[in-house]
Amino acid sequence: MKKLINKPEDVVKEELKGIELAHADLVKVYYDPDFIVRADAPVQGKVGLVSGGGSGHEPMHGGFVGKGMLDAACPGAVFTSPTPDQMLEATKAVDGGAGVLHIVKNYTGDVMNFEMAADMARAEGIEVESVIVDDDVAVEDSTWTAGRRGVGLTVLMEKIVGAAAEEGRSLKECADLARKINGQGRSMGMALTSCTVPHVGKPSFDLPEDEMEIGIGIHGEPGRHRIPLEPADKITEMLIEPIVTDLPYKEGDEVVLFVNSMGGTPLIELYIVYAKAVELLAAKGIKVVRHLIGPYITSLEMAGTSITLLKVDEEMLKLWDAPVKTAGMRWGI
Amino acid sequence: MKKLINKPEDVVKEELKGIELAHADLVKVYYDPDFIVRADAPVQGKVGLVSGGGSGHEPMHGGFVGKGMLDAACPGAVFTSPTPDQMLEATKAVDGGAGVLHIVKNYTGDVMNFEMAADMARAEGIEVESVIVDDDVAVEDSTWTAGRRGVGLTVLMEKIVGAAAEEGRSLKECADLARKINGQGRSMGMALTSCTVPHVGKPSFDLPEDEMEIGIGIHGEPGRHRIPLEPADKITEMLIEPIVTDLPYKEGDEVVLFVNSMGGTPLIELYIVYAKAVELLAAKGIKVVRHLIGPYITSLEMAGTSITLLKVDEEMLKLWDAPVKTAGMRWGI
Amino acid sequence: MTIQRDDVLNWVREYAQVIEDNHEMLTELDREIGDADHGANMRRGFKAVLEKLPTVEDKDIGTILKTVGMTLLSKVGGAGGPLYSTIFMKAGMTIGAKMEMELSDWAQALEAGIAGVATLGKAQLNDKTMLDALYPALDALKQAIADGVPTGDALKRSAEAAHQGMLATVPLMARKGRASYLGERSIGHQDPGATSTTLLLESVARIWADC
Amino acid sequence: MTIQRDDVLNWVREYAQVIEDNHEMLTELDREIGDADHGANMRRGFKAVLEKLPTVEDKDIGTILKTVGMTLLSKVGGAGGPLYSTIFMKAGMTIGAKMEMELSDWAQALEAGIAGVATLGKAQLNDKTMLDALYPALDALKQAIADGVPTGDALKRSAEAAHQGMLATVPLMARKGRASYLGERSIGHQDPGATSTTLLLESVARIWADC
């Protein structure tokens, strides 16, 4: 295992230390339980946005705390959902009297822990709503299973709902908007290499030099299919097709196109994927009106990419364009 | 070789296509010769800033073209400096009558090609000044050698001088400022893994699982020393020490601290390095007043980090904080 | 004989040691069909439990178990955290402020804990989860009690049933938890949670063998 | 006999083929002590040269060589681009508008090209660069001409001297170019640029053997 770390068990704490030292103007960092809140939290009268999940997906979620996006993030151990006490403290710290929205990626652990935290917060008199993100078309959706995973759409949701909360919308309005976004967004990812969880010390899966995994999540889980390597154009097609047909996205739709690096894939390759994705969508009459390109929701150093589409209307676009000032995403301020 | 590419020889062109599609609001992309200019170039009365170098270092330089930073970037083949005709065309495209500054990283090829381009541009009546960046303390500085490489400091220089040019400073003022920055900045890098140049198809060097390279450049060249792997804290010390003693940086100095990912190293590790670097500098009485953390000057998918220190005064800080709007660096707008 | 407060303490300590000895194996199982953290999570949780235990050593069984549950909740995370927390919390709440308990009390406690897992996780038998070890273990325990089998043997039968249930997860396709994302590829692997709960019931049987 | 315009064209075509056949070897040498692109760069350059050549096939030697130089300048990049470009440009400028040339013309042209490389790159003998092949080749050529050796043999001696110079770069520590960053670690490797220039002079000797 080749990593710039000290002891595997100290990775998250030391990372938080770095975030605290670097971003004191944006956030405050709390330890035991660990959580990160906006420097000016709680903002009176504003809905508080809380998310969280395992570490190892940086900049998500800690890097998205700040004006115009999240009010708090709860980092768990690497790839392990955080615990209810973190979420409860974060919820209390950002409650400005207008209630708190939990943005929860659909993993059994995340859902259960956030549910417990929401119950505890409500018991303390805080109004809490939860929204589940489950945008991963690689997983079959069925009431018999754990359902689809929450992946790339989470980033777009946090940006857009963050802007809505900043605008002063109510908890119900924010929650409704988040659910609308979840209804209009889909993602799919693939891996060229695995990643190595620090405490495990070896790759989460073994992938031969001439193969790739299609339909991976963000936790180093193997994907749905292992197939021979293909050129970028073909891979892009293999991701775009199931996304487009799932919703389905239709001619005339306007979308945000998010081409994400799983961590180890450099920008030069993302632009190649982006170019092909735009071409494929254009051929279907789907218009890319905004984009996000880069490592925003990662799996440590995994090489690979995920593509997310979000169908947007004018309102969402306005919120997307609204100013945001976080460590991981910034514009307009 | 596992990459999201199509044919190795098409990588740069396809990347440029992606940049063109994604960032039409920021830049215009020209082909044969290839170069990228600000969408509003030439800006009348403003000094034009041109840089360039091999591709594979994204977001540098193409991602730094835009308001408040570069006016043009010339991308060469992967890790190969671009050619004079690219630089000449870029220089002509951004000349707004106030002259053009070439920011050149100190590599034999870059220097020679930019020199030729400058001569050609002058022959066409454009005032051109060149500044060489050579901040890499891993390389011994001597008149008998090619001298030190230009690495991380380039990014900071492009930001600060970009702001100065935007402010309307003269060509001479911009060049002087750039040389001052070069005098006050130092860098050093290390690699945990090699990278693979697309047309080569195998790693640029072979590095056993328990070793690392100290003193690497940004082109997949092996470093100065190959030594056993160490914890992040120790590695950080091995980079900070030679940097600090070289200038030397002294008690009371205020610095911008830039912790860069060589591409494959994720943010979670950079924050660990950042925390240790701040601690080491604090112990020497050196104060970190600004920072940059992330993959800004990369070597494809190489895992590793480089650290850059720039001693700043109030003027430089003001320019650092000035608004910038590029694909790779953005704030204040 | 009855199960004393100290037997409960000894069992918790023993299980913490079992986790310490087996965390790599559990993580490896989770690496194959999950996210490679089940062992690491349980280990972090039970390290915290061992640190916490001295503060409740003189308390009743219900308090001890609830404290274990609370500690796990705030230290484990993932799916395993709430699920294991629930087992201990519901068991503790069911037993209440007793300093000793009958085997039937334990059976009721376990039943409550398992019901908690089912409510929380909404999984069913054969979904390839810890329930596939827990349900058979509970059935075997209740049967043994009904048959008047002595405590040690009854617990042994329960642990054996858990073990069989654990092995039976191998050919199953996962329908809940992270392994479900693998679909068909989850077949042929043993469920990590079913494995750790089997270890839990085996340590019960070992430590309370002479109760 | 004199060297005709067509001999020059044939040599350029031959060298383009030599690069095509050897680009991987050149890149591999550059991988060891540089940045693994010398072969790829030269190949890109000479592919463009082959495309360009038909437009000057009926021109004089000076024009042909300058065109090769200009094409390399805009296609090769890196250090190799300007250096190779200079060799061809200066040589072409020295020979001028001739349709045929003497061996001594070639020697003067080569000398001018090498001087251009030295001016541009500021390297000296034994810095482990292409000059370590070029200087001995030029010396040998001039000596052979002074000794009245026939063209074919003179060029052969020149190529052999280049080859020796190329081999002599192996034990050197690089002081210029990218290999210099390696310091001591550059020792024991053959310089890629010295290798490609040796191939250049060898192709001259082969193609002009009977001139």
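Going in written order, the chains are labelled A, B, C and D, and every chain counts its residues from 1.
To be clear about the criterion, a residue touches a chain if its C-beta (ideal position, glycine included) is under 8 Å from a C-beta of that chain, and two chains touch if they have at least 3 such contacts.
Predicted model, so just to flag it, every value in this text is computed and none were measured.
Among the chain pairings, A-B comes first (most C-beta pairs in contact).
Here the spacing of chain B and chain D, counted between their Cα centres, is 32 Å. Taking each chain's centre as the mean of its C-alpha atoms, chain A lies 55 Å from chain D.
Note on chain placement: the centre of chain A and the centre of chain B lie 29 Å apart, centres being C-alpha means. Centre-to-centre spacing of chain C and chain D amounts to 76 Å, using the average Cα coordinate of each chain. Counting partners per residue, chain A has 78 as the residues that reach two or more other chains. Chain contact topology: the protein chains form an open path, each linked only to its neighbours in the line. A list of each chain pair in contact follows: A-B, A-C, B-D. On the side of chain C, the complex with chain A involves touching residues 27, 31, 33-37, 40-41, 44, 73-83, 120-121, 175-178, 180-183, 185.
Put simply, chain B touches chain A in their complex at residues 2-7, 11, 14-19, 21-22, 55-56, 58-59, 63, 78, 192-193, 209, 212, 229, 231-233, 235, 263-275, 278, 288, 291, 293, 295, 298, 300-301, 303-305, 330-333. Taken together, the chain A residues at the contact with chain C in this complex read 33, 54, 76-85, 107-109, 112-113, 116, 138-140, 144-146, 149, 197, 199-200, 204-205, 217, 219-222, 224.
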